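Reviewing the structure listed below.
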Amino acid sequence: MINKIISINEAIEKVQDNMTIMVGGFLANGSPESLIDALVASNVKNLTLICNDTGFPDKGVGKMVVSKQFKKIIASHVGTNPETANQMNSGTTEVCLTPQGTLAEKIRCGGNGLGGFYTPTGIGTEAEEGKEKKIINGKEYIFEMPLRADVALLKASVVDKKGNMVFNKTTKNFNPIMATAADLVIVEAEKIVEVGEINPEHVMCSGIFVDYIVGGGK
Amino acid sequence: MNEKAVIAKRVAQLLHDGDVVNLGIGLPTMVANYIPEGMDITFQSENGFLGLGPAPEQGKEDCELVNAGGIPSSIVPGGMFFDSATSFGIIRGGHVDATVLGAMEVDEKGNLANWKIPGKMVPGMGGAMDLVVGANTVIIAMVHTQKGKPKILKQCTLPLTAKEQVNIIVTEMALMRVTDKGLVLEELGPEATVEDVIAATEAKLIISPNLKRFGLDE
Amino acid sequence: MINKIISINEAIEKVQDNMTIMVGGFLANGSPESLIDALVASNVKNLTLICNDTGFPDKGVGKMVVSKQFKKIIASHVGTNPETANQMNSGTTEVCLTPQGTLAEKIRCGGNGLGGFYTPTGIGTEAEEGKEKKIINGKEYIFEMPLRADVALLKASVVDKKGNMVFNKTTKNFNPIMATAADLVIVEAEKIVEVGEINPEHVMCSGIFVDYIVGGGK
Amino acid sequence: MNEKAVIAKRVAQLLHDGDVVNLGIGLPTMVANYIPEGMDITFQSENGFLGLGPAPEQGKEDCELVNAGGIPSSIVPGGMFFDSATSFGIIRGGHVDATVLGAMEVDEKGNLANWKIPGKMVPGMGGAMDLVVGANTVIIAMVHTQKGKPKILKQCTLPLTAKEQVNIIVTEMALMRVTDKGLVLEELGPEATVEDVIAATEAKLIISPNLKRFGLDE
């Protein structure tokens, strides 16, 4: 069996300048805080972030916003982190706001080999600007494209050595869909267990998506 | 009863036994406190669960069980957790019977603006655009005016959250329904007169022939 | 709490002539055999079937094929039931063959409020005939539309009284996605338990999709 | 070794440690018996699980744990179950490294026909169209000829399963690779000569300068 467990330093070396990263979590709930802390301590910069939101200045990916590591942010909500608004207003960071359901579906689309989808969300709003529209069965829809990243950084509660994941309660959110949609997937595990310790009926996301596992998740 | 409690109680009465309901942050969350005895409502939390329960006792919070505002929450028996694509599949797919949200502006056509004040505040739409398009009934719950200025307009001036999706507006002064013919004033709050409501509303109001007062003691 | 449990006779009365039904199962594994038996015994006819396959002459929906209850069948595979081929060849039943992944995604699409999606599956084959194609990021895709039914007939291993479902091993297949994509959803339960008996982390499909529960599943 | 065992063993050697592999019904399932010692392969079964294991002992079959052919199966430690939309998301999303299928016809451009003989047999494509488009490497494993007639053609005559998706063809006589320049004969089976292969093949074969014999004892 291939050993997927690496150190946190080995993990963050996979994230390089100008890459696009996806980070799991919803208002930092279910975010890989140890990986984020290590990235803040690193010099990596000019990243594009795909995340539900930009967390808080002291929690989740918000810490990387404060340390100015993103040139572009694709998120559904940035209101809990004033630093994101500062960088957006000063023009140092490009912020693309996307409806939450559309963001989740774009990521699933990218991970599932689909070319795009039509959603009714955002019709008649700024969210439709510049996008193709189509009337299907008498109703108007917006065409949305798949979204993928170079690296996905996830957090799971229990991970077996093959990378099979269990997420505790509301920490699931974007983690399992991002697992499918990046060229390289790194999961921060709160607890690493042997293969077979997780009941196959209770695995929430397969280890086939996971390239590397980092222990010591908080 | 204070004005917010009046609004929350009247909104709660609009729900039906067995409904699946999503409550927005702020005033709408108060609706959960006024569900009539014996009525079974399942609350959906768009960050990833069904069966949102009351806030836990102080000291018993679980930081991995939070609502869409990131606030520690609880799950009731019969609930379940899911990822963000599933969560918005539920919302967009019409499986949420009602969503209750606040508004910065709402107009007589049922347009809603509650996510952006250009040049001033751009928090992002989060899940609001999906919720308003996806839920079968969209209920706006808010105080009637903002610092004495009307929020119920002929036409929204702020960027829209959704076009023509609002069904019912409940304030401390009135219950209004968006119809093909315009905005119909159906009920008056405990202390309001028709003249009060007209004076506090920019939108043209059609006075229902069956106009009555909120039945909050029912 | 609304009582969702009904008798098998009450359940099959919901299925009426000329309706479109979805039936869970994969080669009859995870199919609601009791409901199917009752439908075979009923006089309902001219149904449209949406199912992964047509099972076997004596197992799964194949029994309804033998009793000539379908005017149209939408499936990915009919090779295990010679009666389907007979009816197809004699022109008494229209058979629309759809790639399995496309069929699953069309059902999910219908249940999730999306207007359609683009898949690379079937490019250059009969599966693309009569369908819009589009080049996205240099690759060719086929446009596929959502699929919904009047009634979905599902099978679950454990169901609580709200309809929350657990599927044993490979019986999951099309059941949870069909749960989202029909106007009326009936689940045949092997075992019915009280609400709260299923750990919320182990519920596989929410009861909010379920209208009726029938006991006595095999 | 009989000819089917020769094919299965040579195909097994094409796999890589850590691969996710889907094996079609029939000859391809035999590949699982020849995985080299110490190589960790995860088998995907499109009816809804990862970690397909060997057939259970007689009398220990679980009718709710079957493979995509409906045959009682087993799950190995580290596996998991999922629904059909997830299953084909895995397949279409490029998360299956290799798929091994049989063919009625395959041609020098990599076209494949294995789902339909018009007017004679129309079983349906099942999951084959998705597998062939989605898997990173498509391996055809089959006996070289059908009753002495070539199955490896200049151009397929039957309705296609997929256009230009086949990468490697393994028969008891040869291993051939589909390239931009045409079909390259890279290896000879234990008993075949180049002349034998050419005589049994309608497609034009490019003989590799590095032509060698199967190394089945490695």
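The letters A, B, C and D name the chains in turn, as written, and every chain counts its residues from 1.
Following the convention adopted for this analysis, a residue touches a chain if its C-beta (ideal position, glycine included) is under 8 Å from a C-beta of that chain, and two chains touch if they have at least 3 such contacts.
The structure presented is a predicted model; accordingly, all values stated were derived computationally and were not measured.
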Contact-richer chain pair [C-D vs A-D]: C-D
Approximate Å spacing (C-alpha centroids) for the pair chain A, chain B: 29
Distance between the centres, which are taken as Cα means, of chain D and chain A, whole angstrom: 35
Gap in Å, rounded to a whole number, between the CA centres of chain C and chain A: 33
Contacts with 2+ other chains: residues of chain C: 105, 108, 113-114, 119-120, 168-169, 201
Touching two or more other chains - residues of chain D: 49, 75, 81-82, 88-89, 91-92, 134
Pairwise chain contacts, counting only pairs that touch as defined: A-B, A-C, A-D, B-C, C-D
Chain A residues within the chain D interface of the complex: 1-2, 108, 111-114, 160, 162, 164, 180, 195-196, 200-201, 203, 206-209
Chain B - residues contacting chain C, complex: 17-18, 20, 40, 42, 49-51, 75, 77-82, 88-95, 133-134
Residues of chain C touching chain A in the complex: 105, 109, 113-120, 134, 136-137, 139, 141, 145, 168-169, 201-202
Chain C residues touching chain D - in the complex, by the definition given at the top: 26-30, 52-53, 75-80, 85, 88, 95, 97, 99-105, 107-108, 119-127, 157, 167-177
Footprint of chain A on chain B - complex, ascending: 45-49, 62-66, 68-70, 73, 75, 81-85, 87-89, 91-92, 111, 116, 121-130, 133-134, 159-164
